[in-house]
Amino acid sequence: MKLKLNKKDVENFLKGLIEEYDLYAPAQLTEGVSVFKKIDRPEEVNLTQPVTQKPAKEAFFPQSEVMFRYEETGNRGQAVSTEQIRKERILLGARPCDIEAISIIGKVFEAEDYTDVYFAEKRKRTTIIGLGCNHPLSTCFCSSTGGGPFNRAGSDLFFTDLGEAYFVELLTEKGMAFRENKFFKEADPKDLDLMKEIENKASQKVDRTIPVEGIEKRLDLMVESPFWDRIHEKCIGCGVCTFLCPTCHCFDMTDEAVNQKGQRVRNWDSCLFPIYSLETSGHNPRPTGRERTRQRLMHKFNYYPKNFGRVACVGCGRCILYCPVQFDIREALVYASAKRGKGQKGKFK
Amino acid sequence: MKNPYLPIPMILKKAQTETSDRLLRTLELSFKNKEDEKSFHFIPGQFCELSILGKGEAPFGIASSPIEKGSLKFTINKAGVVTTALHHIEEGSEIGIRGPLGNGYPIDLFAGKDLLVIGGGFAFTTLRSLIAYYLHPENRTKVKQITVIYGARMPGLLLYRDELLEWEKRNDIKLVTTVDWGDKDWKGRVGLVPNVLEEIAPSSENTCAVICGPPIMIKFTFPKLVALRFPNERIFTSLEKRMKCGIGKCGRCNIGHLYVCKDGPVFSYAQLEKLPKDY
Amino acid sequence: MIQQQLREKAKELLSNKTVDLIIGFGEWTLPLRTTPVFIRTPEGAESLVWNSFCENNLTAYLHKFSRLKIGLVVKGCDARSVVALNLEKRFPNHPPLLIGIPCQRLVDRKKVKKAVKGEILQAVEQGDLLLVKGEDVNVTLKREDFLYSVCQVCTHRTPHQAHILIGDPVEEVSPVEAHPDVVALEGMFPEERWNFFEKETSRCIRCYACREACPMCYCAECFVDSSRPRWIEKSFSPSDLAFYHIVRAYHQTGRCSGCGACERACPMDIRLTYLTQKLNQEVKDLYGFETGIQPEAAPPLSTFDPEDKQEFIK
Amino acid sequence: MENESVTTWEPKILAFLCNWCSYAGADLAGTSRVQYSPNIRVIRVPCSGRINPLFILKALQSGVDGVLVSGCHPGDCHYISGNYAGRRKSATLKRFLEFLGIEQGRIQFSWVSAAEGVKFSRVVDEVTKDIKKLGPLKKFFKR
């Protein structure tokens, strides 16, 4: 069944979603700055920015999340967990890279030994409406990391912007539940053709040449390489790349209490912060930018693949776009792949 | 779904200051709920996250042994926010714990072998758990000879002194205690752990070594073990790293692709050799 | 031309071992930007560039490479940061060798992006013009219309304290009298000012890029990272975000050179320079002090004058 | 007539008093039985120069409606120049917070010597009156 959602119906479609679900979608905080947030009014939704600043992982793993609350601190308190969510959720307008990243985090958070209930509960009760990338940016390299601008893996429904309408695909059981949605209309065969044309055009645009293939093995031999002495030089140790990364999932847990009431909260944390690994004794196993940059890159391209069989990078390009000093992860990959002793030529000067 | 982040309630049964500098305090906790006690099974070397609401959580090795039923012991070094709170908490209070976490010592591999235990300072906690486990009549036959070398800076800083005295009297364990500086009452050895090890020179044949202590002690003891021909596969240590979640999610305690909280804290040197030196 | 002189000078300094390392700007993967480069060999000097996109304040790297003899490429504002750091005794061994370039004022990439539809793939400077190319666009912009607001108010574009000056000094005037955001806010009611501040800071993701990009933020332990005492919580209450930004800015009182690196580093486009610009204005008004202009003048908050104004004290 | 919630509300004011002058001044006010508003809570500090702006911000965040910092008169500092250094911090912080939109009068400063029990009571009364007029602190205050 081929469906479409006309743009003039979008507002009412969104209204319906907001009534029935908790809707998460990209919204602009200010011109050019978008994040995924809970939507209260249809007009907040903005599906035009190719890469939002903060990734869609926030719908499942918010930057700051209360884990449990207690009425009394110290030695008598009773912790009340907050993992239960009230309503079914919709994640709308997430791009294929962000959706891929959610399953990457899922491999850690939904592991069999211990399940992160906060993430798992939200994921179980969320229907994902993916949105194809008509205009991938020059910094996008999802096709090099095993995805693509129209990769439908992980989406329950998938939208393609045809200009006047969205082409709608129902991909899973969760997606099929929307079969009867009154705003979905029968699509014409020419809509399908248009969708394919857009998909082809976009797919050709995305860089496929970033050497991700085999990177795990190459990095195995590079743990103590002089490569790390240079690559970290320009990194200033802020958390932009890790906070905006759709696959980064480190967090910190702290107690926040005022008077007798309190809560345990988790907040995103970054391996690039010196205090991330600093021990109470004063010892820091990763004392300089060299070790911290190595940790960031090795985790994505060596440690994670060792545990889960794929790289923990989806090629969204956020860390390149928003880095204050233009640390380019593609550069790191190209360098790591260059034969030893030979200077780097070609794409990255 | 069970929430692995939610602490279970324990009651502080007894608290005891261990050392003359008053920086180490042993807490004996009993389960508040019977069901929790029934489902709590651990092996020496595992740890728990102790939590005080309003202050936070911190990981501690379990100092008691599985054969001591009904309660758990932790020895806490006063250093940061949580440990200070744990030093001030009164008997009868409630403390949350999560655990047991981590892998524990490889007791299957130890079976039928001699055991050499080397400890330094307050890292002796889980070693105490291990030794007490094997000294129990039920388990004593599981390993052959037990040799323990335990050092501290000063006599007053040795942990579990009453127990050490008891062990000294037994003939099925060889206990050597040593201090860096003695005092007028100290009749035992004076000397650094690596040197004492060299002196005693236990045989490495069919022996597993467990070593826990400050990094500087480990740094100088390890070569002595190698000189005694202990293979890396039979030298074990328990690592410490900054931890938060304790279950391999929050990220910070990894060494290479392994997490100290989940895949450790006990590692063999053969394992560590293959990992980045991130500890 | 300036770029060529810069390369030659760098080559010379590295060849005769005057410095171990030159930190300058190089071209990189994104248009409208440059990247910090670290050059150790005379041949490497060829990768140095100079243009209106040299936005980083490279002085921030001096903390990271404190053991080396460094040649640092500086604009007027960057040189002032070095002077301020020197007053704080940050260079006991090797003060950096400053290779100064009178600044032509920098182009605000965010302003350019807002003016051009779609992704910008290439941007070239040609005199006073910017030639910007995208996938389907090709526009010519006037450079002047797209300057950073901090650059518009900057009068000290020539790095006077530089050891080597490349190019001719420029006139000490600014096209704009005061920072436009400061002017706009001063005309508002307190309520509106607070709302503006809170709205801006509400976007903060606490990545601390503003802190790390700033050469003056070098505390061994930042107050936000302190656990005893814990000044602020790690989560996202508006009050804690405001707390962070008030203290980060206020800590720059009398120390900020107005380079704007904090605001440029922010991935969430939070306006930050109006805070420090306001403080700079106050310090000038109260104590006649401008950061990094007089190499010997004590920073205003580490000294006093018995005759300081005190009409506000009961 | 003002409505009741306004008339019954009493501001909470935190006063940082230097050990050598203002604290002694407050003491004198007490022993001399001079009446002043009961709205202040006192924290004794070694010197007005010890006041880190973080203290003032933390106080405002934690629920006080105003802050008073009081030290020795210029020239009288027990540490020679602590109050001069403090004066510069005070001036810049006050102007900065007012620019951000914290109302004028939320943070106040005074010089009170050990002999000025009466002045101390007057300062406290004035500060209390000012802050009462401003009403409860709504900005910045947490929760």
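For clarity, chains are labelled A, B, C and D in written order, and residue numbers in each chain start from 1.
As a working rule, a residue touches a chain if its C-beta (ideal position, glycine included) is under 8 Å from a C-beta of that chain, and two chains touch if they have at least 3 such contacts.
It should be emphasised that the depicted structure is a prediction, and the values quoted were computed from it without experimental measurement.
Centroid analysis (C-alpha atoms only) places B farthest from subunit C. Taking the mean of all protein C-alpha atoms as the reference point, the chain centroid lying nearest to it belongs to A.
The geometric centre of subunit A is 48 Å away from that of subunit D, both derived from CA atoms.
Each chain gets one centre point, the mean of its Cα atoms, and the points for subunit A and subunit B are 39 Å apart. Distance from the subunit A centre to the subunit C centre is 31 Å, each centre being the mean of its Cα atoms.
Averaging C-alpha coordinates per chain places the centre of subunit C 36 Å away from that of subunit D. Of all residues in subunit C, none touches two or more other chains.
Counting partner chains per residue, subunit A has residues 252, 254 touching two or more of them. Within subunit D, residues 142-143 each touch two or more of the remaining chains. Every residue of subunit C that touches subunit D in the complex is listed here, in rising order: 185-186, 190-198, 223, 231-232, 237, 239-240, 242-243, 246-247, 249-250, 253-254, 275, 278-279, 282-283, 286-287, 300-306, 308-310, 312-314.
Only residues 227-228, 230 of subunit C touch subunit B when the two sit together in their complex.
Those residues of subunit C lying in contact with subunit A across their complex are 26-30, 33-38, 47, 56, 60-61, 64, 110, 113-114, 118-119, 121, 135, 202-203, 205-209, 211-213, 225, 233-236, 261, 264-265, 267-269.
Taken together, the subunit B residues at the contact with subunit C in this complex read 80-81. Partner subunit C is touched in their complex by these residues of subunit A: 29-33, 50, 53-54, 63-64, 135, 137-139, 230, 233-234, 236-240, 243-244, 252, 254, 256, 265, 267, 270, 273, 275, 289, 320-322, 324-326, 328, 330-331, 348-349.
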